[in-house]
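Before any comments, here is the structure.
All chains are identified by letter, namely A, B, C, D and E, in their written order; residue positions are counted from 1 within each chain.
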């Protein structure tokens, strides 16, 4: 393969930078899973919503200079969407006794995925859009990097750090971790789990919205753009282990690395397969993911 | 009974994972086609209705749609295909069930090369399309060419055809071919490889999102605007090109089958006007071609004076029809992929100024018949 | 009793079992020998390592050191289902039942798993009988996840008795949360299985009354080690057992 | 005795599946400074009663009043905040949190009061020395008995006005059983709490009981002051229940 | 003393009931082609395909608790094996058909081993990763599989008239259902459900959980392979898009609306749902909006699915 070291490094760096954003997706998914015990299959659709809001905000309202404000609006917008959807779809699982909760959740979120995605096709049209960006190309030594990409990964790292602080250092974080492990005990401790559910769901999807908004100028805005984001999110969850924040970050970086290297050195059409192979490998060696927790069973 | 409407069937990808953007265009064209026919008093005095079915780009769903159109909706002709795979799969069943099909935007050889009596097509097949950019590249005396193609029927066929023409014609181009999965969101690794190859020109064989992504990222890595890029179909003809790429439009050319400078038939002019009114943008090839399919089928029925499939096929094979283009449409029983095939004119267009309309784009190359 | 027991040969022998969890030694060189047909009590403070011992013996956890033999068969570190097939079965301290299976179906699982040589009908009849004894008959066809805490525990204990070739039954606090009237029935059932089929029992319990009634011999574990072995009255007189476990009034 | 009861359930009907009532018109009262003992055969509905009081189950008929106010169908979080604690029958801890974090969760309703939190932690560790050494261990690694201590301890963090406690001594070593009863007796005296104690260990619990309810099939089979009952009488009553 | 999974085979099958149901079902099923048009017959033939897919996935996920997301990939594996054997090696149909079933079963066996130690969500993600990798493989290895262009395969009977296929598919679906019924009413069926509820408890009672889980994987994936082969030789074309997640989603939706872990529910729910999707295509790009809307409303009203609905009706009747 014809390749200079410089280009190789550039490939790796850009891979890593995107990896961080997908880590955000992964964290959103495991976060929701840990609290409401539901795999949110529609996660990518919230990514899509985030990217559409970003586009509308930048293109029609704010202009490229205020992209960061648009990012905040998009994140808040998806948060709100999550906060509205949760009581309608997820809450019934807990508000009344229900058998087969998992199945209900799976089907409802898959249906939500189809609904949001096909709504986007039907309403937004199948075209691609792209929020304008005027961030300059940033030179890392001799290597050019898209400004939007650098900005996006920087924001993502900040968001991950912030999230980590909240989870580890605050009462709400403690309550979230506690509820994730034992809902009944959380309730007897006085936590209003139904409210916490909605908040957690909204925070989780807001992470997807944030990723969508940040990546919109890079990977564009179209109805199915969330599909790949979901895929990467799941891969990272497995690599990093369910519910582990550093795991998500490391998983994201690892995935970015493997994909960019595989694509460059092995074969390009299999670009998306490298991640899957990594996932399968990790699971065979460590069935609970690299950072997965093990609890006493008997 | 004679007052029953005549049903024309459309099978197009309207939902993911199909290529919904093209599906929408087909739907627009077909609907205007029916409007046109009814405005002109229908076919054989009977009203025309459409039955539009979604293939979602999946073969089996397309086949089911065909069965549905034929056995339940009693469609007398089926067109609108965008995915070659769907078209080929449908033809396998159609050759038994008898109702003719017409490929609207399906480029793979096998759509017609199997010489099924029911299989027709009005689209540029791979060889002339590849010949167009090969000709354009030769005309500019470029030597090193990078092909970036998605691993779909479309991408594979065109990439192979380009390599074949280079080899068969001893053109002496140095070609680097890189294939990628169409769900790929990041083409940076591939483009960096292309950059290392130092090409003179890049052939962009992506459909939809990857096509746009490649333009954006080629700018990032500094390939565009110095290294010229040609896209494999007329996506840049749509206004979204300007929205997405803004200032980064230079160096991009695109294959087109139609430019507003092209000569349109009377029907084509009717269509262009209505389309502009209805959708507020100039008509695009996909829509034009679907419209053309509808009116050509109508003419064939008029000629056969019946909706009997055999008679229609006979009429299609022997007649000459007016589609959207000034060039008459015929379906000769020719050899290979040219069987029952009408190809639109092919050209390479290039914008010369920002926010230009397609009509003002420069015609950089035209493929001779 | 003790003398009679030793004549009958060894049902289960554990030697030098050791298990570490991080810095903690949950079981430290634990040895125990059960004679065939004996009913042994295992007592000791919370966290002494009783459940860990049960886990090591039944293959749920693999010991860091030591060995376990069932009769003359080496079973150290074998998979739980092989150990169960060999006739060593256990119950769990936190009652485990198959929640979506009915009470009867719950009992059919061990019966089928043991080969069900006498046919399904015999098994069903046996299950009915056990459910009747444990006052669960009205719930025979209710899914197990609709049972109360005590009922689950009863159901779990009964499951072992469905196995025709049961040789050693290790019960981890089987009387926890069971009403005292039913408790007596359960004790009768255990003693009956012991005398009629010669099944060996190892019973973990914190209820000294019951241990006194059932177990001629008890083993006391403290802090991961075997601290004493003997009759309950013997061990209950020991100072270390009193301070660590019994407290002043209970003994 | 003349005090107003803190908790009254009047004629509650509740169940898990629509159409199948587990509690059938159950009425009990619990008073401050008293231990109300609830006993009955397995499956009588004792745990179901506690769940219905604490809002995990909604009675479809009947009322639950706490300190004179109607709390029927209120959410657990509201009830906890108003001074009720519920120790469930199973071990009820957060397995991946440390013991200390588990206890901190027990202080959720007064989380802003750091001094009080520390005071209560000190007290709990003094009461359950076995937990002191495990402070920074994960709750999930505890033994069965240690886990139960933790569950009880966490619910005592708030000094509840009403403590619902479901078989707290199951699986505890004999010396700890005594301790738990001591704690309950102390809690009653020191804070004047009302305690609803569900037990199978009648023998040891009976001496503590100020008032006793014997449930069967979701109804009160017998009730009266604790001193009216002894082991033999309880046994006879339960036997009657089981027979028919 | 090794315990065979086949001991007391069919111990609890009520053959009279089976016969009765067969007779009752056979009549309307056989009569259908005489009363409806050809397209509906076609839809119902494909419906029978989905019945096999749904029921066999239900065996794996609903009864054994292995929430696999690769079921559609097993069907594709069967179809592609048969199709590729014919395409490359000119193998006759009677040989390529069983080869497809065997290869799907084998694939199920291998994947079953790989995911053996994984729990719930990890197993789902891993199987889903397998499926996606398989799809990418089918797409990217286009020289061998013909990729997106589609692999043409010959028809089963030399023609594609739906009626014959309809009968073939429904009869085979019936046989599959019978087999699954027997499995579920045998000790091994009890083991499957026990493994779902509590694996460690099952093992501690002597159930060889490894073999039980593998058994479920092999049986269900072989059935998916069978369904895939049949479908391929009726639809006459294979593309990687049959491994698209939307296919799996469709199967999940069918089974869950029917009531996961119930035998009858999914079987009854599948044909109408398939029928619905077939007719919703009239709405073009809105069809999926409508479909998902219906699914959400149904799940909100009957979270337990059709099975729970039937159950509550039965309960009401008994009370009267």
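The rule is simple: a contact is a pair of C-beta atoms (placed from the backbone, for glycine too) under 8 Å apart; a residue touches a chain by one contact, two chains touch by 3 or more.
Please read all numbers here as calculations on a predicted model, not as lab measurements.
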{"item": "Touching subunit A and also subunit C, the following chains", "value": "D, E"}
{"item": "Chain pair with the higher count of C-beta pairs in contact (A-D, B-E)", "value": "B-E"}
{"item": "Computed distance of Cα centres, subunit E from subunit A, in Å", "value": "31"}
{"item": "Centre-to-centre distance between subunit D and subunit C (centres being mean Cα positions), rounded to whole Å", "value": "29"}
{"item": "Interchain centroid distance [CA atoms averaged], subunit D/subunit E, Å", "value": "48"}
{"item": "Whole-Å separation of chain centres (CA-atom averages), subunit B against subunit C", "value": "75"}
{"item": "Touching two or more other chains - residue numbers and ranges from subunit A", "value": "117-118, 121, 269-270, 272, 297-298"}
{"item": "Per-residue multi-chain contacts in subunit B, two or more chains", "value": "14-17, 20, 23-24, 151, 179, 181"}
{"item": "Residue list for subunit E, restricted to those that touch at least two other chains", "value": "136, 139-140, 200, 246, 261, 285, 287-288"}
{"item": "Subunit B residues touching subunit A - in the complex, by the definition given at the top", "value": "14-17, 20-21, 23-24, 151, 178-181, 183-186, 188-190, 192-193, 195-197, 208-209, 212-213, 216, 220-222, 238, 240, 243-246"}
{"item": "Sites on subunit C touched by subunit E in the complex", "value": "58, 60, 79-81, 84-85, 89-90, 92, 96-101, 105, 108-110, 112-116, 119-120, 159-160, 163"}
{"item": "In the complex, subunit C residues that touch subunit D", "value": "21, 44-48, 51, 93-94, 135, 139, 146-151, 154, 173, 176-182, 206, 208, 245-247, 249-250"}
{"item": "Of all residues in subunit B, those that touch subunit E in their complex", "value": "14-17, 20, 23-24, 27, 51-54, 56-61, 63-65, 67-68, 70-72, 83-85, 88-89, 92-93, 96-97, 108, 110, 151-154, 156-157, 179, 181"}
{"item": "Touching residues (chain side subunit E, partner subunit B) in the complex", "value": "37-40, 42-43, 46, 136, 139-140, 142, 147-150, 152, 159-160, 162, 231, 235-239, 241-242, 244, 246, 278, 281-282, 284-285, 287-288"}
